[in-house]
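So that you can tell them apart, the chains are marked A, B, C and D in the order they are listed, and the count of residues begins at 1 in each.
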Amino acid sequence: MDIKELYQEIVLDHGKNPRNKKKCEGFNKDAKGHNPLCGDKVHVYLKLDDDNKVKDISFEGEGCAISMASASIMTETIKGKEFNVAKKILEHFINMLKEGSKISINSLSEDENTTMMSLSGVKRFPMRVKCATLAWHTFIQAAEGKKETVKTEK
Amino acid sequence: MDTKVIKSKFPIFKNKIKGKPLIYLDSANSSQKPKTVIDRISKFYSKEFSNIGRSVHSLAVTATNRFEETRDLLKNFINAKSTEEIIFTKNATEAINLVAATYGEKFINKGDEILITELEHHANYVPWHFVRQRKGAIIKFAECNDKGEVDIDKIKKLITNKTKIIAITHLSNVTGAIMPIKKIVDLASEKKIPVLVDGCQGAPHLKIDMQELGCDFYAISCHKMYGPTGVGVLYAKKKWLDVLPPYQGGGGMIEEVKKDNITFPGSPTKYEAGTLQTAEVVGFSESIRFIEGVGIKNIIQHEKEILEYGLEKIKKNNSIRIIGDPKNRGSIISFTIKGIHPHDIATILDEEGVAIRAGHHCCQILHEKMGIAASARASLGIYNSKEDIDVLSDAIKKCNKVFNN
Amino acid sequence: MDTKVIKSKFPIFKNKIKGKPLIYLDSANSSQKPKTVIDRISKFYSKEFSNIGRSVHSLAVTATNRFEETRDLLKNFINAKSTEEIIFTKNATEAINLVAATYGEKFINKGDEILITELEHHANYVPWHFVRQRKGAIIKFAECNDKGEVDIDKIKKLITNKTKIIAITHLSNVTGAIMPIKKIVDLASEKKIPVLVDGCQGAPHLKIDMQELGCDFYAISCHKMYGPTGVGVLYAKKKWLDVLPPYQGGGGMIEEVKKDNITFPGSPTKYEAGTLQTAEVVGFSESIRFIEGVGIKNIIQHEKEILEYGLEKIKKNNSIRIIGDPKNRGSIISFTIKGIHPHDIATILDEEGVAIRAGHHCCQILHEKMGIAASARASLGIYNSKEDIDVLSDAIKKCNKVFNN
Amino acid sequence: MDIKELYQEIVLDHGKNPRNKKKCEGFNKDAKGHNPLCGDKVHVYLKLDDDNKVKDISFEGEGCAISMASASIMTETIKGKEFNVAKKILEHFINMLKEGSKISINSLSEDENTTMMSLSGVKRFPMRVKCATLAWHTFIQAAEGKKETVKTEK
């Protein structure tokens, strides 16, 4: 396998030009994530409406291409979706990163699916799984209103 | 159990001592290592070595995985609730120092009481002595009886509202007494007092199940479990690790470092500062596999047989005094011979290839209680056989002969 | 120096990483081990193993002698005045914690100042942070300049009558800056301030002579000196060891143990509690022999050549920023590539068989100063060659290619 | 070699029936010695006259056969001798224990020499050298008026 399978064009694009990298207006939840090993940091802002739907989501932070791309892709993918659906997507996403399985969720468009799948190369790089999941865990933390910084340790 | 087969797995037994086969009866001091453990260390250094947890290159990933695998194995072996409860230390001594220092700093104040017993190894007294000095605390010693065991009533009587911790050995390294940990934990938990168990002699010779014992802290010495030197383990209930301060500071155990403040991550990371004993921990995984391969039940059964055979045989020698006669006893026989100092015994036995230990075995308080300055100690391991006991017994007779008594 | 011959002495280089030869550039993290070291450990466990210092049987005598031989070797290697000045610890981190805890307890009080630098590894900051917390002391940071070195004037200016210790790295593990220890010691001794040197990167790469440096404490990490994991060394002037309190308590470090008091022996015994890293220390003797066999002068000369070659080559790549440009520099090159995060660099390099480290290298203060969260670091060992640098340089170009920049 | 060469009859005799094991009358110097490893303890009492001659010497203590025999033999050997001669004897004694050399001091009678030499078996037992020298070092400590307990460490 070529290293390009990890750094696919979609990943590089999201890494270099992350979408929704700002503090979104009117957010009502937020949380911080931190990977002390490499210094990756992310701050997720979330506007969750009363029906637990993600009205808006954005992030700020710095880190490697994988973590930035993953955060960017996450915001694009789950904006407008139910929190429960988002959780389901994360489940599939983690399975993809760890087991190499496909993502198959009805509520994901083909485009969204392709974009998510662009991170599948991470599977071969176990040390980088944390980079790919940091933003997602931080999103969950924000949605569930927990206060502590998400930490990915050793 | 076929000890010939077992012995063949330990390269040390291929060597002769003073021209004689090695009869190793010093396992309570440190056990010998099976070939699988020795080879695992070599293989790790030759094929997989790198510092763990800190780099993203392939070697570091492999090394980190191997290291954490051991934590997993150990978690299952001692039935801890999670790997967060398993901290690797330099030795059991450091494990107890870690608890004394951090728990002492946070929870022990002037006039508070630390409850230990007269059986304790210096490793389970000196760290508390430091807390006594630093905090003006009081150490109370539960009395040991003639049989070399501590009656639970003696402990009960000493518990007061000021008791902040009970620190107690699982299996005495001198008398072999096995303490009723579960009962002590029940007693202590009525008053919400945490219990630390010095499991140095427990871990290699007893079934150790943290959920069954219920203790708050358990200290293990890997080199007594057929494992490498340089590693110990502290098991601690997560609720304690969540509130206790860090111990040693350095790389790997921090979260965010600023000039005016530092924050720390959760356990076990918080307690593992600097470069760890990577190769040793990886090697230790093979010790656990070895013990599980033989089976802890088989080990207990085998050692019991040898112990009983040994006690009976040695008792026949009228000049011998066995130190202690506990009801519930592990694989240790300490003794003195009338008119012969333990050091002289050890020297004469060594000429016969028999390795035992002579001295106070880091238990001065207990020896004073028994009215002696030193004793000789034969301690068993998985590799010992009845024949070993026969050689020991003959060698003891030789002592009598040399000293004409 | 023929690095082919040197590499052939390290079994790890027989392995392929992702199908490619291993180019190991992570020695500042931990060095690889020569076969002689690996085999010494195996041999020790297979033929000589016993706990040391505690038993009188033959194995224990041999083991004790082997262990103490290493102390002798090391005493000569670093030119200490006596073996009493050599204490074996778990790692360099523990060595610094030992000093911070004992010196801090005895000599540092509220308002006193601890002088360190912005270059320090967390191992030489966090232990002092604990003293700050415990004693209400103040930590002052001597500033690091653009070149990644600390000007001695910056240190001079911060010395006051309240300065109780100066703790400083010998060789920065990020910028490679070599600090003028002797001059700092001269400065400090005018005011009778002891100097602790974090020698983790100094010991493997520089000539270290305690009489020449004149420092009071020197911390060494054996696993960075081609030695086993699980061992560090604290060198300390005897005058300090005579007055400082003990650190960890347990077996082996006591003199007389009574219920109401405990007395302690002299150094190094006082500081070596519990079962030591016997096999590791014995193995380390072969590391010293290995280094002496190659010759520290040859090592310095060789690493200098490779370093200069590497710096020149890497500087040619316009997208690279090298972190620091110290006048006096040891075998470390930390860098960033525009638009590529260090973690991504490390991953891409690993695909080429090149092992480097990415992160803050336990130096968050320094990274913040340099305005970055992380860097990539290539660090040299005795086995590295110009060809290794060529592979590194090509691999870096590959990073540029993957990221289209 | 047989273990009997270590435990020669003379050694066993002195070990079991140590001479001068008491507090001698009129002592003007004393010192304690301790081997923390095995618990050997010795307390040497010394009457040194103005000319630095050992008028009387005795000891109390407990320990292994080697340490008791050595203390007993020491008191017999150096009673009546000059301090300097005693120091010389100790030097030869230590050389014997460590290098296996013979003791050859003019002021020692043949009997005294034989008795001292009975401890030569210790050479083959390096861990026991400390046992054989503890009383001697303690004697020097007492004679030189130093206060600290003599300690033989690891």
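The rule is short, and it goes like this: a contact is a pair of C-beta atoms (placed from the backbone, for glycine too) under 8 Å apart; a residue touches a chain by one contact, two chains touch by 3 or more.
None of the values given here were measured: they were computed from a predicted structure.
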Contact-richer chain pair (by C-beta pairs counted) among B-D and C-D: B-D
Centroid-based (C-alpha) most distant chain relative to chain C: D
Centre-to-centre distance between chain D and chain B (centres being mean Cα positions), rounded to whole Å: 38
Centroid spacing, where centroids are CA-atom means, of chain A and chain D in whole angstrom: 79
Chain centre separation in whole Å, for chain C relative to chain B (CA means): 31
Centre-to-centre distance between chain D and chain C (centres being mean Cα positions), rounded to whole Å: 46
Residues within chain C bordering two or more other chains: 54, 56, 60, 252, 254, 256, 343, 347, 358-359
Residues of chain D engaged with two or more neighbouring chains: 37-38, 125, 127-128
Chain D - residues contacting chain B, complex: 3-4, 6-7, 12, 16, 37-41, 62-66, 125, 127-128, 131
Parts of chain C lying in touch with chain D, wherever the complex brings them together: 53-54, 56, 60-61, 64-65, 252, 254-256, 265-266, 269
Parts of chain D lying in touch with chain C, wherever the complex brings them together: 34, 36-38, 125-128, 151, 153-154
Footprint of chain B on chain C - complex, ascending: 11-12, 14-15, 17-18, 22, 24, 26, 29-30, 32-33, 35, 37-39, 41-42, 45-47, 49-51, 54-60, 90-94, 96-97, 100, 121-123, 125-127, 129-130, 139, 141, 221, 223, 228-232, 246, 248-254, 256-259, 262, 273-280, 343, 346-347, 349-350, 354-359, 362, 364-365
Complex contact set, residues of chain B against chain D: 339-344, 347-348, 351, 358-360, 364, 367, 373-374, 398, 402-404
